[in-house]
Amino acid sequence: MIEKVFRDPVHNYIHVDHEVIYKLINSKEFQRLRRIKQLGTTSYTFHGGEHSRFSHCLGAYEIARQITEKFEEKYPETWEKSESLLTMVTALLHDIGHGAYSHTFERLFDTDHEEMTCAILTNPKTEVHAILKQVAPDFPDKVANVIRHTYPNKQVVQLISSQIDVDRMDYLLRDSYFTGTNYGQFDLTRILRVIRPTETGIAFRESGMHAVEDYVVSRYQMYMQVYFHPASRSMEVLLQNLLNRAKVLYAAERDFFAQSSPRLLPFFEHRFTLEDYLSLDDGVMNSYFQSWIDGPDRTLSDLAQRYINRKVFKSVTFSSEDEDKLDILRNIVADVGFDPEYYTAVHHNFDLPYDIYRPRATKKRTQIEIIRKDHSLIELSQLSPIVASLSGTIHGDSRFYFPKDMLEETGIFATKNEEFLSYIYNDHFSPGEKNEN
Amino acid sequence: MIEKVFRDPVHNYIHVDHEVIYKLINSKEFQRLRRIKQLGTTSYTFHGGEHSRFSHCLGAYEIARQITEKFEEKYPETWEKSESLLTMVTALLHDIGHGAYSHTFERLFDTDHEEMTCAILTNPKTEVHAILKQVAPDFPDKVANVIRHTYPNKQVVQLISSQIDVDRMDYLLRDSYFTGTNYGQFDLTRILRVIRPTETGIAFRESGMHAVEDYVVSRYQMYMQVYFHPASRSMEVLLQNLLNRAKVLYAAERDFFAQSSPRLLPFFEHRFTLEDYLSLDDGVMNSYFQSWIDGPDRTLSDLAQRYINRKVFKSVTFSSEDEDKLDILRNIVADVGFDPEYYTAVHHNFDLPYDIYRPRATKKRTQIEIIRKDHSLIELSQLSPIVASLSGTIHGDSRFYFPKDMLEETGIFATKNEEFLSYIYNDHFSPGEKNEN
Amino acid sequence: MIEKVFRDPVHNYIHVDHEVIYKLINSKEFQRLRRIKQLGTTSYTFHGGEHSRFSHCLGAYEIARQITEKFEEKYPETWEKSESLLTMVTALLHDIGHGAYSHTFERLFDTDHEEMTCAILTNPKTEVHAILKQVAPDFPDKVANVIRHTYPNKQVVQLISSQIDVDRMDYLLRDSYFTGTNYGQFDLTRILRVIRPTETGIAFRESGMHAVEDYVVSRYQMYMQVYFHPASRSMEVLLQNLLNRAKVLYAAERDFFAQSSPRLLPFFEHRFTLEDYLSLDDGVMNSYFQSWIDGPDRTLSDLAQRYINRKVFKSVTFSSEDEDKLDILRNIVADVGFDPEYYTAVHHNFDLPYDIYRPRATKKRTQIEIIRKDHSLIELSQLSPIVASLSGTIHGDSRFYFPKDMLEETGIFATKNEEFLSYIYNDHFSPGEKNEN
Amino acid sequence: MIEKVFRDPVHNYIHVDHEVIYKLINSKEFQRLRRIKQLGTTSYTFHGGEHSRFSHCLGAYEIARQITEKFEEKYPETWEKSESLLTMVTALLHDIGHGAYSHTFERLFDTDHEEMTCAILTNPKTEVHAILKQVAPDFPDKVANVIRHTYPNKQVVQLISSQIDVDRMDYLLRDSYFTGTNYGQFDLTRILRVIRPTETGIAFRESGMHAVEDYVVSRYQMYMQVYFHPASRSMEVLLQNLLNRAKVLYAAERDFFAQSSPRLLPFFEHRFTLEDYLSLDDGVMNSYFQSWIDGPDRTLSDLAQRYINRKVFKSVTFSSEDEDKLDILRNIVADVGFDPEYYTAVHHNFDLPYDIYRPRATKKRTQIEIIRKDHSLIELSQLSPIVASLSGTIHGDSRFYFPKDMLEETGIFATKNEEFLSYIYNDHFSPGEKNEN
């Protein structure tokens, strides 16, 4: 096959040499990823971050292509050449099961994007499945096994999913590029030079240790600065409340939903198929929300217009010991006339930037291994004081969200708002003492 | 007002100091621009180019802000300070009347995005209008006059719309950044240093002449390389044929369209309001196209799935003298079973990269003026040999589009395809001689 | 004065609006900085890092200009406008006393670049002094007092010299840009938006805390990756041994040095003047070293040609408890025929990436202060876990340098080299056990 | 050999896989290039442009490495694998004969950097020669033949020297990066994808035509904006007058020069050897100029301090028909007390940005060939209107240089200066009419 290229602002070009890859990109399930934003509600805060999962998946594939090409050339004794295509295909398809606003949607409708990915890979009705089957009858299952971490070759599994994998490497660079924040930039070229397969997985030559360290720090900074940004999370809780209101209303307003948002019905009724799932995307969801603005329920209508027109909730942080006192705030919100069920929310965002492998942990982490000159392996945080400081530590905060109206100091609710503000100090919920701001 | 900032990958930050600007950004008509891609079908060719008109409009505003700030400070005798807000507002709102896939949509449904912009500005029902009116009762009309080029102050008009205006400066940099092509990059910093108001409009100090020249060349290259890319235009003609088929079918299939694509009805029936227009966006249109895949008409269904799944038409160039012989190709396409009305198209793309002011031209161009040391003005192409070479010259090509199936050399249509290919040489329609490829 | 600009790859443009600044740039003492590399021997390892102190000083000035311009506009109540020129001038001149290969030269010839800076500022014979005096009779002394940290206004002092000052901000960005390492990049634009003067010095608004954190991490990474690179330090020890040999030889070979390197005589004889000091630069020193290659002393000649032709020493790390056993290696080097005095060296490189203010420390650090919403100040490491982890910790290593010849496993010294290598394990001096490599 | 890498800001990394290349880089003749600035006097105007010929030569080599690697892999039938090393070596060494301030030096001392390059390659005393000879006895001559364009394989010759060669591609990108001007940036990645060997030389696939076009335009812009900058040329003419004064003085002041600038003697006396030539570099020359400041001749001393302290001459353009009237200006300069021989200069700078092959031209150009789909070749300007416009046209200007003092309107020479200025209009010599400025 004549090499095809796609211009890409992050990797300059995406190179496609395999017919299989080219066909997968052109499959309808993959093209659908063009209609799903990579960053979901974050693009409401960072307006440049409007790129799709399509572009991220191409990027993850390109990194896999560069790595496997190098592995074939430099480490033929450690890397099985036949794993290269599997690695590239899985990198390309690792997010194919993502749907519109996945994280919120999953919580409300019990879907799971990883399961969906495996369904797309193995369901005989999909174009993706048909293409994969042409490689070998068991190829679709192999790809699914890598996704599920059950594939025996740990090198492949770690390239696709570990604390430093093609997915994360691409999304840090890409989200950083498109949002215009430079925190996510790290030295991919150097990492690609020092990565190598070992008997037990993937490791990095010591000479590139600082580039790996820089990657870990970049990832931490992107979480703190971009992914956990309070305004993005605000749109997420608004969306959650909106969908929740729709779920609650559904029984009473079936006809309205059947007409305004037909493709959501199978989900309201817990009977969706893969095809139903694939029929949803950001554009479909947003056009439904627009329809809901004109609907019969005042709360649904108001939340929908707030979402569509980006009227974000405001928020304050709170300490875990004060979580049970949040009703103080909820009550004032209710007094002003907002149903706290739909006009407030609690949102926790915590991340473990890096961790060593802990055999007894629920979610075991594959630690990052560095190769010393004598070929022995050593875990990253033992060499890097910065990584050691982040290792095993949890970062993030808990926030209480409420309508911006609560902060207005004039108007009919002025007294209530004053009371509301008296519990807030330095943007933090401080119930102990009534503050005079 | 406390300055607000928006992170922007092109200008680093968008600064907002005016309450009016901030409110306009938060209006629902402006937020709607988040749901309309700046580049339309071009993002199917350059996958990075998924940015919205929202981000471009912020960018055009930011350039206007920087220019007017400098004009106020450095040229108080030539620049009327009160024009600054008008300039910034118009820069922000110049594209607010754009709809989904504007260029194609306009051709088929007789809409006009410039008229729509003026309607949004002056219609008392819009949030934008209400905000503008707070500035002054005649402010909405002033903005509309700048859009229509009838505003008396030519400095303002030229900053918004001329051969080197805030719109073009932003979109070249932005489209270049997001698509990952570097052809659109030029030295904005230098241009902002040498731009100045004159008695008759806008001009540039001679010391920055090469930066202006570079801008003209960049613009030309972006047209040739990105905006006129055959694959993007292919998606455009496919969309055009699809919408055309829907229009033709509408009378016979009213119920189908009423259910699958209700917001398009006012357009099919030539009775749309501003509200109808504003209810459309890329997501709405795409979700309609998805619905059409399952519709009753085979052609509509097939074109819709081709569009949604990016099955682009292929194309060949042709010379104007051969345009009347294209029926040769159309007939073969018909022989194979495709209705040429919907499965072929002719597309002309021509651009005049730069031109001097020609008093008798239908569309007069404001020429770019350079200020010499003695303060006299001289038109750019008189100083720049490169610009002179592009000046007044037309660049682009005409293409004939057809299904990719016509190029397949095997299968049941092999003989027909061979005949088809015999008229094509170096991707050019060569009817004179039957070629043996 | 008409604004002058200098094209700069780091800050895009350096803007000069003050006649004083322009004259200082054109003074002969400042122009001399063009002939002194910013990174000294590091350019032998990172070949792109060939920029001069001239360009760094312009950059530090530009950052000072941007900060003071903003301080004047936004914080007129906290920032004394008259301090702006002083700040910009000191930023421009802060390194004017640097000489060729300062760090090495200072150790051998008892010079001190800070003292030299003050001498240039206050010596009536310099052009710099004459220009400064035109501002005010006490202006030269004021600048010198800022340099010496004795100036009463702590805002000015901290902008020039603290853990986050215009000097460091410029050199991290600049060294990073020219060497092509991206570790030193941080978000200067954001830092310039959140920096502000306080009653007691300089602080940063909390919203920009992560940008400041990123700066601290960048600084750490540049030290670890670039400034402490073993190969650069190797050239430094080679230079040190070379100059040391010259010093020792001087008494016996006065005529040779008088002819080959006349401008060094005052330094050999401990009787140098400011003029003598200013007559030296990288080019002068290098041309002297070239002359020494043909000199009468074999060691001097050999070290000079090694330096000029970049024949770097190799190195191993060692633990402090083994430092007294290094004679084992020195003896083998001597056995092979190299004088250990000139052909080996011990080099310690340690950095304290960040520290809080410790009242009892010998060298007190000005801690970085963050401004909370309630206007209280909080020290950076209390908010940032990453900075906390680096705070007060020492990073770096100690290395033993020796001729590359010691690593050659063949040739006449093969046996000796084998013995030498037997004390080295993973590039570390391991005297406890003889290793079999 | 284990691959070595050099961090490079332009190409990210320079990769070295061949022992020969590594040894050449470490040779003393190549290391000497670290001491010679790539841009000569231009760094006095663009202070970032302080990079050396060393870094440019590594860059040209890296481009050659990438091209030949691809040629070997993709075009084994058209590209002789054995030519790869020759191409890389020649790319690395193509500038090894450059000396300090070559262009000026050559004019005054009848040296020639191309001849010097060949001398270094073929002289048995050089390290370079010894290394090349290890490849094959005739290898040094082969390299020299490529330099001289007499090597039979035109592919190799064109890669090293043609209108689009590795030398130009690197220096445009590099000079652009270091000076901080973006005019020289072009899409190298794309060019490297479309370049290919043909039977007769080198050509480019049509799909990359716009990248090649962009390269031609970039080159033109760098000449107009950077290389021909009047201030850089001013330093060049000052240097020329300075060296000329030294030449004239030499006979009378032999002792002074023998002591202050011994390595120049062989050149003053027309008896220099290769070794003499290699002993010179920027640092040596500059330290000589510094010595001359204290010399016995007032003119030499003054010109030397002007050069060292960057006291640039000012200039005006003039038309060729007025060149013989420049004595008007020279006479006024003389009246004020400056010897026009040393204090004025005429400088012509003209460039032919691109040209087709013209069989009868004195200096024949290898035209840039584009490969069409049917494999035929077509010359670039036939496809590109922009290139056509630049093709065969000469760009640049002629300038008359004089001391800045001539522009001062006050002081003892005020009347003379007024007369001087009366012949200048818009920075152009206008002898026809006395202007009243």
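As written, the chains take the letters A, B, C and D, and residue 1 is the first residue of each chain.
To be clear about the criterion, a contact is a pair of C-beta atoms (placed from the backbone, for glycine too) under 8 Å apart; a residue touches a chain by one contact, two chains touch by 3 or more.
What you are looking at is a predicted structure, and each value in this text was computed from that prediction instead of being measured.
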Message: So using the touch definition from the top, which pair is joined by more C-beta contacts, B-C or C-D?
response: C-D
Task: Going by C-alpha centroids, which chain is farthest from chain A? Tell me that one.
output: D
- request: Go ahead and note the Å separation of the Cα centroids belonging to chain C and chain D.
  value: 32
- prompt: How many angstrom between the C-alpha centroids of chain C and chain A?
  reply: 43
- prompt: How far is the middle of chain B from the middle of chain C, if each middle is the mean of its Cα atoms, in Å?
  reply: 52
- line: By the touch definition above, chain C meets two or more other chains at residues 12, 181
- line: Contacts from chain A onto chain C in the complex sit at residues 181-183, 185-187, 210, 213-214, 217, 220-221, 224-225, 372-374, 385-386, 388-390, 393, 395, 425-427
Task: Would you mind writing out the residues of chain B in touch with chain C in their complex?
output: 5, 12-13, 189, 193
- request: Write out the stretch or stretches of chain B touching chain A in their complex.
  value: 6-10, 12, 26, 28, 31, 34-35, 43-44, 46-48, 50-52, 54-55, 58, 177-181, 279, 281-287, 290, 305, 308-311
